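Letters A, B and C mark the chains in the order given here, with residues in each chain numbered from 1 onward.
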Amino acid sequence: MKFEKNKRGVVWAGILGLALVFCMTGLCLAGELDVFTGEKQVLRISGGTAHIPVMKAAAQKIIGFNPDIQIIIAGGGSGAGIKQVGEGLVDIGNSGRQATDAEVAKYGLKMVKWAIDGVAAVTHPQNPVKSLSSMQLQDIFSGKITSWKDVGGKEAPINVYTRDAASGTRSVFWEKALKKADITEKANVVVSNGAMKTALSNDPYSIGYVSVGFIDQGVAALVLDGVTPSMASVKSGEYTVARGLFSNTKGEAQGLAKKFMEYLLGPDGRALVLDKGFIPVN
Amino acid sequence: MVSPFWDRAFRLFAWGCSLVLMGTFLIIIGFLCIKGYTALNLRLIFGDTGFWDAVVLRRQVFDGLFPAMAGTLCLILLSVVLAVPLGLSTGIFLAEYASPRVKWFFSFVFDILAGIPSIVVGLFGFSITLFLHQSFFDRLYPCLLISALSLAFLVLPYMIRTTQMALESLPASLRLTAPSLGATQLQSIVYVLLPAALSTILSGIILSIGRCAEDTAVIMLTGAVATAGIPRSVFSSFEALPFYIYYISSQYADHSELINGYGACLVLIFICMNLFVLSHFLKKRLSQKLLFRH
Amino acid sequence: MGMKDFFLKSLFLGACLLSAGIALGILGFMVVLAYPLFAQGLFWDMLITPWSPGQGLFGVGPMITGTLCIASLAVGVSVPISFGVACFVGILHPGGKGRILKFVVEAMTSVPTVIYGFVGIFLMVPLVRELFSGGSGMCILSAGMMLGLLISPTMILFFAQSFTLVPQNHLDAADALGANTVQKFFYIVLPCAWKSMVTGLVLSFGRAMGDTLIALMIGGNAAAFPESVLDPARTLTAHIALIIAADFDSIEFKTLFVCGISLYAMTGIGVVLARGLGQRGRA
């Protein structure tokens, strides 16, 4: 009898030991993704369009690890993100501007800043005009200057593109680059950073503004008052038209949303943020 | 008297218009084919995930059309299940039971329903969702169910009109047969009239399916998003093929995504054309069979 | 048997009432949600004032103008072409050539709007931009032409159907008098069919007003009163799609219901007109 009890004990010890070994191996292999093991829920994210590439990359990694999770990502702009998370329609609402005190008070929002981003004035790559002063920029966007010739370019009309009213990118550009000057009513309205980039790269006489993380060979960033917009100049503070990328939750983040935010702020997340052209913060 | 000159001019005008129309249509299709043919492979639909992994839902597909196609399929099924019984019943009522005055009034109302722009229907669906979310159901968001309901409202007038027209255009002799044998009106409808009108009704259903597959404005407001994977339940957000095309057209991240957009256009046109051809031949073949019998 | 009959008849009646209820409910819901604007007496003003949220102006005047301009251009472009093709298919070549063309036209009706918008962005907009060196190419002209192409197949089929409404004995009489095809068309068919054709025109105008994607993708979406066909414009439908993401309690969101009511009213008037014409034509 005693022998059998011992044997049973040995067997259990062996099983436990093996299990421990498996757990340790699992931990080493999965890194930060293993917090998502066993989750079966749905995570709803919406809001700022500048955040979307990072959100999609993170979602791809997480779902690749645990296919039972469903992550839904929508755009809509910073205003939409704040509103929807406040109303409980989504779990995480992204915004490219800080939520106002009124919004925070009304919904009880908790903000987490996970990157810094710049907003650059951009044109088509084949446009000979490469730099503008603040004054010229304001005049172009308000409609006072209407031809590229007046700022050193070809004889061609300037096509102004702007964002919709819910856009955080727009409010930052309006406040810091245009110094709150009017934007002409005749400007073409596009609904996201991606849409702005598409429109600008298809129109050789265009001017618009886009998140620095979105700039690639399809558009050319304009030098503003002598400062070139780039990740470096935004980080150093030399380029002043910058904003934080926030993710807001209603109250403290819980469950899957909390794990997602922690993943974003961890080393894996920071690498993703850097890869997409933004500057990660702590 | 129409002089030979005007005669010639008129014929020229008709030919010219036809050539312009055909030419434009061919340019559009040709443009899409040229730009999109490089994208037409399994990679367009399944991205980097393998075919079997994706179809048995073992792994999720990114950068592929599969979730969008699955979403559109679920949407179509749900909307048709909601719209067909309602439309069929209403059409039967209008064709068989309604007095002329009642018929006039209701077909006026349904003409108005048919004329409502799709985005207004979408706005209605979105507002209802909001209202219900704030008042009763805290967990209700714009989702597959709401989109399917709104789409059902959109195709309802087509179903009603098709059913009504199909039943009304049946020959009078058919209507006299069953009652003369002692059947009630209901039996006459179910056993004689409906089967005779079935082909037209079926082609109407297929046209409604086509309408559901292609509509973007309604689903844009009621639950279609850019990234959601396969819909888990009727209460989840979803992707859809026409919404994917719209999304890509305004915000493609790089050239390969744009080519995928062209490929998606070709896939959508293929689906819609197939549905149209199916409905056309269904109507033609079965009505020929009908002609033979009478 | 009697119970079952009665039960199913009431079921059908119920379905009919439900469907009708939905049609009227859509309007009712929007009126209820726009009620604060009615109460403040702002509704009628909103239809004509400009849109400038920065200055507190939330009028949908520019959007109504945009809708009417783009829809009118679309119908203007579509009517001559549809007329020509309908004549080809219905009158001049009712046989082989016409049947093939008719089949192609019917197939065209199944092409989704989003495809036209997609091609519009990448083919038509650069074309318009280069040809008319003002503007970005996203303007009333591009949107109107693409929309005209969209509504043409339906209009062609409608016109072709109107041509068949002529009583056969009229045509036989004309034949007996020695008229050729074109003469028969102008003197017999057209006078009989024109009312039906106008109905088709009105319904297509309604369809053009209600289209969202083409105006959203290639119209430019500038919220200002357009001054030329090369100006970007925003339609009521595109406005709804753009502002849907705004704050629900704000006045901007309420303007969406103003847009919805206007659209409902405009297409409703179209239906009434079409029916009126249809009634008189029958008598």
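Throughout what follows, contacts are C-beta pairs under 8 Å (C-beta built on N, C-alpha and C of every residue); 3 or more make two chains touch, one makes a residue touch a chain.
The structure presented is a predicted model; accordingly, all values stated were derived computationally and were not measured.
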Chain contact topology (line, ring, star, complete or other): complete
Chain pair with the most C-beta contacts: B-C
Furthest chain, CA centroid comparison against chain C: A
Rounded Å distance between chain B and chain C, as computed from the means of their C-alpha atoms: 18
Separation of chain A from chain C, taking each centre as the mean of its C-alpha atoms, in whole Å: 39
Approximate Å spacing (C-alpha centroids) for the pair chain A, chain B: 36
Touching two or more other chains - residues of chain C: 121-122, 248
Residues of chain A touching at least two other chains: 87, 190-191, 199
Sequence positions of chain B contacting 2 or more other chains: 249-250
For the chain A and chain C complex, residues of the former touching the latter: 76-77, 79-80, 83, 87, 156-157, 159, 161, 164-166, 182, 185-191, 199, 202-203, 205-206
Contacting residues of chain C [partner chain B, same complex]: 1, 4-5, 8-9, 11-16, 18-20, 22-24, 26, 29-30, 33, 80-85, 87-89, 92, 101, 103-119, 121-123, 149, 152, 156, 180, 182-183, 186, 203, 206-207, 209-213, 217, 237, 240-241, 244, 248, 256-257, 260, 263-264, 267-268, 270-271, 274-275
List of chain B residues in touch with chain A within their complex: 57-60, 62, 133-134, 138, 141-142, 225-229, 232, 236-237, 249-254
Chain A residues touching chain B - in the complex, by the definition given at the top: 42, 44, 46, 49, 52-53, 56, 59-60, 63-64, 67, 70-75, 87-90, 190-195, 197-199, 216
Chain A partner contacts - residues on chain C that touch it in the complex: 50, 52-54, 121-122, 125-126, 129, 133-138, 220-224, 231-232, 234, 242-243, 245-248, 252
